[in-house]
């Protein structure tokens, strides 16, 4: 993905660090077999591993805690789950594939006929080789998931079902990490860790967030504060908003939900509910330069992932989604086919590039005001202009300077100037540094 | 006209009543021969007949009453008007065709030469078979209208002219009928009854309004109040505004001038002066679904009918025009060719459908606000969500619910949500009822 | 240029005066040989000659006066400048071509080798026949400019250099002329007189301004006040803004920088920083009617001429540029090829037409309010309507009247009405006069 226009994006060339595909793959392989759910040990072990990359602050929210219209559910403990068939062979074993068990199933032990068992089976006739991913968080239920081809070939006979599980008062786990900047304004990267063995629609997100954090920490000049959070989808973001929602209303200038970032498809940007705020403009500015015409831009809609909570009308936070093949838009979504083969670790690393480019655009995107706004400054006096005038004077940096000095009126942010002038953001950022040094402009604080 | 998409329009399928073409035709045939003008007995008899369909409240405004820059003129009494030709035969008899007499003519009796008579004749050389419709309300004048072919064949000789008419202090007649709703916000249907025997540009409007009233009265759930008025064009709407203008400024959310709704042409919408208010959006939403690409949309212009008064800058009311072949846009306009053959009673009934669809869209178009706007509601808890999550859950009503709950922020009306989400208004209206019942949203009163 | 649609432009047909190309050429030929710079006698003599056409008020601003970030430089006196070659022949003589000397050069006398001289020579390898125009206002430097072909053929040997010049405390010269109108709102025409012998990018502008003043003075009905200023580029407009900037902020409704208006290219409009204010709309309205599709419209950018100062963020005045082949857009720019042959005096006179048309549109572009805004006025009562109504009444002036009376709401200016109605501005201006006379509208003062 790094191409000719990357030099126009402030941080992409600047960052000294870039993870390798192998490095990402190694973490992936450790996280893959864990039985995650919205609560429980699978999540904690996932965060332990991610904690090797990022200094995570863990937050445990007790079962029963009210979060707006919702309540934190009990913690799910699942020790074992399988079925023994008429021939005595173990099948649908959760240790073999975490998707076999309906996630958050209640405990059950018993012997059932083929027909009785079938009432608790889930499969996809239209995708006979795939195990579907099924959950039942808010209604007590048990069940197994399997390829439809396997289901139709199950013989008559007695089936012994074992689900050694319980739901106990415990807590919901989420982890955050904050990289402070020079300003109180914050950017949020939110990703979820509640899906079991699914590759694109789950593990790609938490991995991207961890490696992005590491790259960001290596960049010296950071104006904004960057907050990363790993949480269970929906109830996790609700619990997080219950704690930080008011704060975000005052502080958040942008947020992105990281999900489905590992497949080989082109980049996708789903706009925030506001549609055209700085979060959207920065993402589109950077992603268009990286992906060109292949970028897919989606309008906001209230289906999807945690952006539904961040963009609920009571918050209406500037949160969009940067993905590749977004949830629901690919056939393998929420099935066992969304696996290691479906994704590419090179793609995932390039997704980290894309996020970094977007954050670089955001970080550069301040608003400035001329200290003496009447007339142009005499650039030569400030060491910013060639002293000889003639027909051949042409200087790209002079163009950037003039646009900045003309539109530094406290109303245009740097992205607005870049859009109006067609001067690259990086050139404007350079001009900004020179003009700040010369005392010609000052930054306008938009968030106190 | 009723087609596949009508189910997306709240009231069209819901109304238990629909008049037949024959029923409309019977009323048309009784109204046709009456000699209407801006004042007088022809108007009153017209309203008497319409009063069989609608409980009319009659308002008589005395001659001489000042209405802004205008004054209610004297009442016109015309007992007879004709010419006796050189051969003793009666011609240009107002009893044969009301258009023969220049409307509002002063009294005259006398014997004239062919040439003297000709100074008082009006015909259309370019439409030699048509009698033109000519009026002289504000300058005392008498005259006769006739086909140009007849005029050129009038022989030399003596012509006896009889116009047994007078202008007396009396009153201007208008009638209204109000269907109250649950809210003070009102919708106005305005139509005129001052033209004599003209079919599309006159009788189609008053008939549509009467049958629309009857249909509307049969609908149980009406949120808004619907006001219908039958009045003489221009001076009538001015007199009405003199009485209700201030009230309308506070109460009126939409109004439509009903005129030229009986011909076989496609539907036309002429925007209000504001151009894109709720009145315009509701009309366009419904009419586009009914008429598809055949809909003609006209920008506001200050010529036309009573919308000129409603949309004068001192009022600027949200009043548009829903028509078929609008005034001036068809050749037969304001001539004797605008007659029973020119219109179709089936078309007229379908125009009533169109008005009903527009009013249904308006009535649904409230603005709502989430009672607890932070995060999504837990739909399952409110009986609004399937308890099992998996790859196959797809539910159109869920899409409508989510959009409503996301955009119910007190700023988006239901049409705005329909436009942004592309969810049909009827589905959003269903979602609204379910969410109101669950206490998740509340209506925002825009007019107190 | 005067074409079929000129009658739609208020002043173009109305003005009794139009200069001839020969008249302009005579002034051009007198101004051409003067050695202008940002200060000095060349400028004063230029203004003396222009003063024959316009009653100029001269303003002298002392050297050392602070103007925002700038300081008025010393006055440049240049008595002589030339080089004597190895063969004793005088070359690069400023009396032969004012461009030979680097403008504002410091004094120098000395004998140099070919190589030493070359360090002070400026030429254009890519245009070997052209003398470049080079200035060094803010760094002390001397030099000569010459065709590159000549430079490469200079023989080895001794060159005697004479620059009899000095920089003294003096003043910077600018001249203004004001044509008062009925209202305090002002329009500015700004042009510069600091370039030596250059035709399109300099003399065309000052000449246009002078002849435009003369035409404007001959028009009786002028609503606005017109202010013309001739000044040195950049430092002149800064000095002028230091004096009038605050005043302009309150008074200026439009301004245009007149430059590059004499060549044979099509008309160009460069928008003001605001982009779509009345100044831009009036210019585009008139210029589109004059130039049709050949009009080039440029977005504002902070390079160019004095609009950079007028449009600096502290002022943000509504100042655009009306030109033909604008600065930098033609190859001859800032070289000796921008000479009498490059321009056409017929073109220049047509540029005066264009400016006059724009000012006529601006002058007509007032905002009106109905004195009694409810309902339409009864036009007949005010002598504005035919008394007989019928199918054949069609009157273009009636259309203009109705639009004016509908949109005279204190918010639409006449250009906005023209754009919305597609009624020509001149017809609306006529309707305005009739309605003002009838007391139906009143002007809304936008500037007190």
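Labels A, B and C are assigned to the chains in the order they are written; within every chain, residues are numbered from 1.
Everything that follows uses one rule, which is that a residue touches a chain if its C-beta (ideal position, glycine included) is under 8 Å from a C-beta of that chain, and two chains touch if they have at least 3 such contacts.
In this text, all values refer to a predicted model and were calculated from it rather than measured experimentally.
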{"item": "Relative orientation of copies chain B and chain C, as a Cα rotation angle in degrees, nearest 5", "value": "120"}
{"item": "Copy pair chain A, chain B: interface residue numbering same or different (half cut)", "value": "different"}
{"item": "Centre distance in Å when chain A and chain B are each reduced to the mean of their C-alpha atoms", "value": "55"}
{"item": "Residues of chain A engaged with two or more neighbouring chains", "value": "none"}
{"item": "Complex contacts: residues of chain A adjacent to chain B", "value": "67-70, 122, 124, 132-139, 141, 234, 238, 241, 245, 273, 301-303, 308-309, 311-316, 333-335"}
{"item": "Chain A-facing residues of chain B, complex", "value": "370, 372-378, 380-381, 387-392, 399, 402-403, 405-409, 421"}
